[in-house]
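Each structure below is given as structure tokens.
One chain, subunit A, links the two complexes that follow: it is found with subunit B in the first and with subunit C in the second.
So, the complex of A and B:
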């Protein structure tokens, strides 16, 4: 059936190839007055090679470009597919306009929230098949604009397909859940990096569960928190919600009880985040660091022969602005902290650390006392605690 | 080492015409191991990457998207049609039950004495003009 229609329309496609872009001008995806410019391809050459065919502009090497041949009839078929997809998108944009007009006249907050949800879905559906959006998402990461619902949806799907699974696996295998908090319903993507490092091994985004040396974590990390759900931000990009970030080490040796305690290493609160402004980096800390920080950053510095230690970073969503003056670092109870301040855990990250040669130098840098050295002690009964 | 042995195992296959039975230069046991390893290899377990330029990959994806939309629409249309057909059958039977109860009972009795009863005929989208040949002659 499809083949029949394709051959029926292919003749028309041959005659109108020269008019491809001129006819495309009228379509929803070519219209840029009401749509964001991030929804179209920035590079004019690549855009031309996508819509008009010819040798692909993305192949830079001249010899490879000359030797490359596109699949037979891909341009004609693509034009047919594009027309069809744009037609469907036009219907979706009609729905968007209708929902917008309904939203302006509506006063009930509950119905308004439902309408906003519908509007968001319609906006995603209207752009999800746009080849230019797909191209930007796949190959031009600079143009990914998180204020657009379609890019948020694509980012969310990508995160769910791999990174979220890795994170949850590590959180469970390393017993971050339930050693620090009982469980996590992940709502945001948390990415951590230590940009003061020069080696790419340590300066890029950290995979959850990696064992890092002390020198690699000696300065506060850059934390990127990608928000996906629409309830997180009330308006499109203007207002933002507040977040608390806490870094704890649940493996601090406690000799008095012959066990371990949790120590607080970093605490930030009242951090405003939105879809576009989602990084807590050194720039933000320089300007508003005093205001956010209730517990300054001290790297986790495991002592010699102590076991491998987990750095658990938790991100909470606040229900109201908090006033935390200061917090006791030693024997920090994170469950109590979350309960007192009415915090909802929305994201987490974990890396691990162990004693290495750089620990002592960094202890001096932070004016910490010399670390202890642990030894095995032979007990009378090896099976007793 | 292994790659060269695989290459030597693969090259004779690529020949289009061989007059005599070719003698493999690897022993049957090695050949078996190569076969097992290639069957277990990761590349066999994931779909092949389409080697196209970025533009063509996006075009390919868009074509697939349009095709899926078309197919989805077709399937839903067929499903709606079948639902309507089923509903009309139900309505007709209800009508029969109200107007002619005897005929309704007769229509619902199983044809146990027949080898190929009428119920055996599976409903299709395109039924023939003569739906059932009752007097089949060999």
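So, the complex of A and C:
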């Protein structure tokens, strides 16, 4: 059943190989001594039903399984395609070995970088049509191992096909760019959730642009930063690079100029992230929070009639470890901050907030003064800046 | 044209007439053309007074008209709006600027700049200049405005209040229940209140889909965060240490079976290794003695108890196991689940008459099935 839905790769694969016939191929995909165990299906029953045919084990319900009949000759066709694809993959792995040996003997950094790029591509090509990999990616999210180039490629494609487009639309339409930073070349996927929430509508990942009540953001968020590019890491695929995360509100009312200022609400720096360890969650904050935080979390608490405000979360890649002692929260200039510390913006996220009945209680919790109240009709007084 | 040349034009015919043979013939022109104008020439109207109403660098107020036009001779730019008849009007107080936009090089634009010396268009990568425009209220006006509700909020208030009360009542009840159960572990758990509250928080987090381990960390984090806020920046390291010690001891003493959230039961903590071993043991037992046969009611309850043994299987695993070992209807190939020779008119007690599809003869067959085949 899942063979049909697996992904474009598997379908394309089966079509392209129907012409070819197999001859004594090497069994690369069944050999697990040199390959990661995340590249094969963990559940023995499902694996068996995949290769030996019969009723698919992916259907748990007995009645539904009994009612399912596979298409005619699917097992034969599948086996034919599988053998051919495994043979092609064997060639790719031969190329991988060759590139690896070249890499060890090479000393020039530029050529080395090129070789690494080629190696990465070969590793992706060798596994991209493996039905076990495609099954894991589609159905077993626990087995998605981001240290494997093929899973990274699949994750990247999935992100580009939807979530990235949504994010960029929200960033532009809500004028996060250019109100905070000039523009963004997205390199990492940034996901945000507030795990302290006990209501289901606020406990999952936030879609960019959502308007959230104050109680839903009253404790620090969990931030997941998925790295796709190979330049993010230097030595092997698991080494980490350092990141800075900044949360700003560019809509803080400034009555002296009859305009807005930017306020800093959260600042983390020197956060080591890698392909596999990519979350800044409560556990990490509990152990290393003090070390990372240069500006502790204060939720955005809009005042009455101060209109809807944007919480802009920016993720920067650092060039070197930073020593940010403390930062002035009021009139925070994020452009200057990025320029001074030589930071490259690689990802962003945005949600919105407005005054609600939970704001005052949270202001008290955080020992903040009571919020101002504005008249609900907008006046025509000119801009004073 | 000079006076001489214009007059000479008139004079020339007179000199010609002197030598002409037609001197005495006078021309007669009859009225062959209709008078009183024509149908088509009457459609003129008064001017529509189109054109700019405010010029470059004029200060305008919101709503003031900047341009009246037919079609968009000039396009609306920053801080202006356009009406149904393409009238351009100001949306912000500021200075009128006519400009070209590099993204549409063949259009003229008009916009409002909030400052006289700021030119339009605003550079593409620069932040926008924005006006806040709301006036701060003080005293009684402020409290009145703050408590003011929209109609929607006002109508929803009683419902929200009832919901909140229900929630707090549930929380109170559950915490009391946990406290009661914790009294069994009095030797190791010193602070029952703290323990019960922690369990309730974990219970809530697991309910919204967090794994147990993560929920435990989150509960700790939330407690310490609240503690930090309550002490307003004062040193809390001793309390922090104390709570972390409590948590370690508590989590290794008692655990809650969150797979069945309706009646969550406390049980002594088991290590993950022991848990997976137990899992294997139960699954093996189910496979060997309860699969592929018609189960009696007592056996069914035994299977159910095994599946629901506290703290072993997650909720998803439990549903999967129930689907496998206690399906709604047993498959036909299970031995003893079909009774072929049966009086369909008068079935014996405990037999249900049903129709099944026979794949060999491609027909429907009427057979009897024992009542135990069905889960209910």
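In the analysis below, the second predicted complex is superposed on the first by the 347 of 385 C-alpha atoms of A that agree within 3 Å, B and C clash if a C-alpha of one lies under 4 Å from a C-alpha of the other, contacts with A are read in each partner's own complex, and residues count from 1 in each chain.
In the analysis below, a residue touches a chain if its C-beta (ideal position, glycine included) is under 8 Å from a C-beta of that chain, and two chains touch if they have at least 3 such contacts.
Keep in mind the model is a prediction, meaning the values are calculated, not measured.
**Student:** Check whether subunit B or subunit C contacts more residues of subunit A in the superposed model.
**Tutor:** Touching more residues of subunit A than the other partner does is C.
**Student:** Quick one: classify A:139 as touching subunit B (first), subunit C (second), both or neither.
**Tutor:** After superposing on A, A:139 lies in contact with subunit B but is clear of subunit C.
**Student:** Applying the document's definition of touch, where does A:304 land relative to subunit B and subunit C: first, second, both, or neither?
**Tutor:** second
**Student:** I'd like to know which partner A:88 touches here: subunit B for first, subunit C for second, both or neither.
**Tutor:** first
**Student:** In the superposed arrangement, which partner chain does A:194 touch: subunit B (first), subunit C (second), both, or neither?
**Tutor:** neither
**Student:** With the two complexes superposed on chain A, say which partner A:151 touches: subunit B (first), subunit C (second), both, or neither.
**Tutor:** Neither subunit B nor subunit C is touched by A:151.
**Student:** Between subunit B and subunit C, whom does A:58 touch in the aligned arrangement: first, second, both, or neither?
**Tutor:** So A:58 only meets subunit B here.
**Student:** Could you say whether A:74 touches subunit B, subunit C, both of them, or neither, answering first, second, both or neither?
**Tutor:** first
**Student:** In the superposed arrangement, does A:203 touch subunit B (first), subunit C (second), both or neither?
**Tutor:** After superposition on chain A, A:203 lies in contact with subunit C alone.
**Student:** Within the complex, which stretch of subunit A touches subunit C?
**Tutor:** Touching subunit C: residues 60-63, 66, 175, 178-180, 182-183, 195-200, 203-204, 219-220, 250, 253-255, 258-260, 281-283, 285-286, 304-307, 365-367, 372-376, 378-383, 385 of subunit A.
**Student:** Any idea which subunit C residues touch subunit A in the complex?
**Tutor:** Touching subunit A from subunit C are residues 61-62, 92-94, 114-115, 124-137, 141-143, 145-146, 148, 201, 204-205, 207-210, 214, 217-218, 220-222, 224-226, 229, 232, 320, 323-324, 327-329, 331.
**Student:** State the interface residues of subunit B toward subunit A in the complex, per the touch definition above.
**Tutor:** Within the complex, subunit B contacts subunit A at residues 52-63, 65-67, 69-70, 74.
**Student:** Applying the document's contact rule, which stretches of subunit A touch subunit B when the two form their complex?
**Tutor:** 1-2, 46, 49-50, 56-59, 68, 70-71, 74-75, 77-78, 80-82, 84-85, 88, 129, 131, 134-135, 138-139
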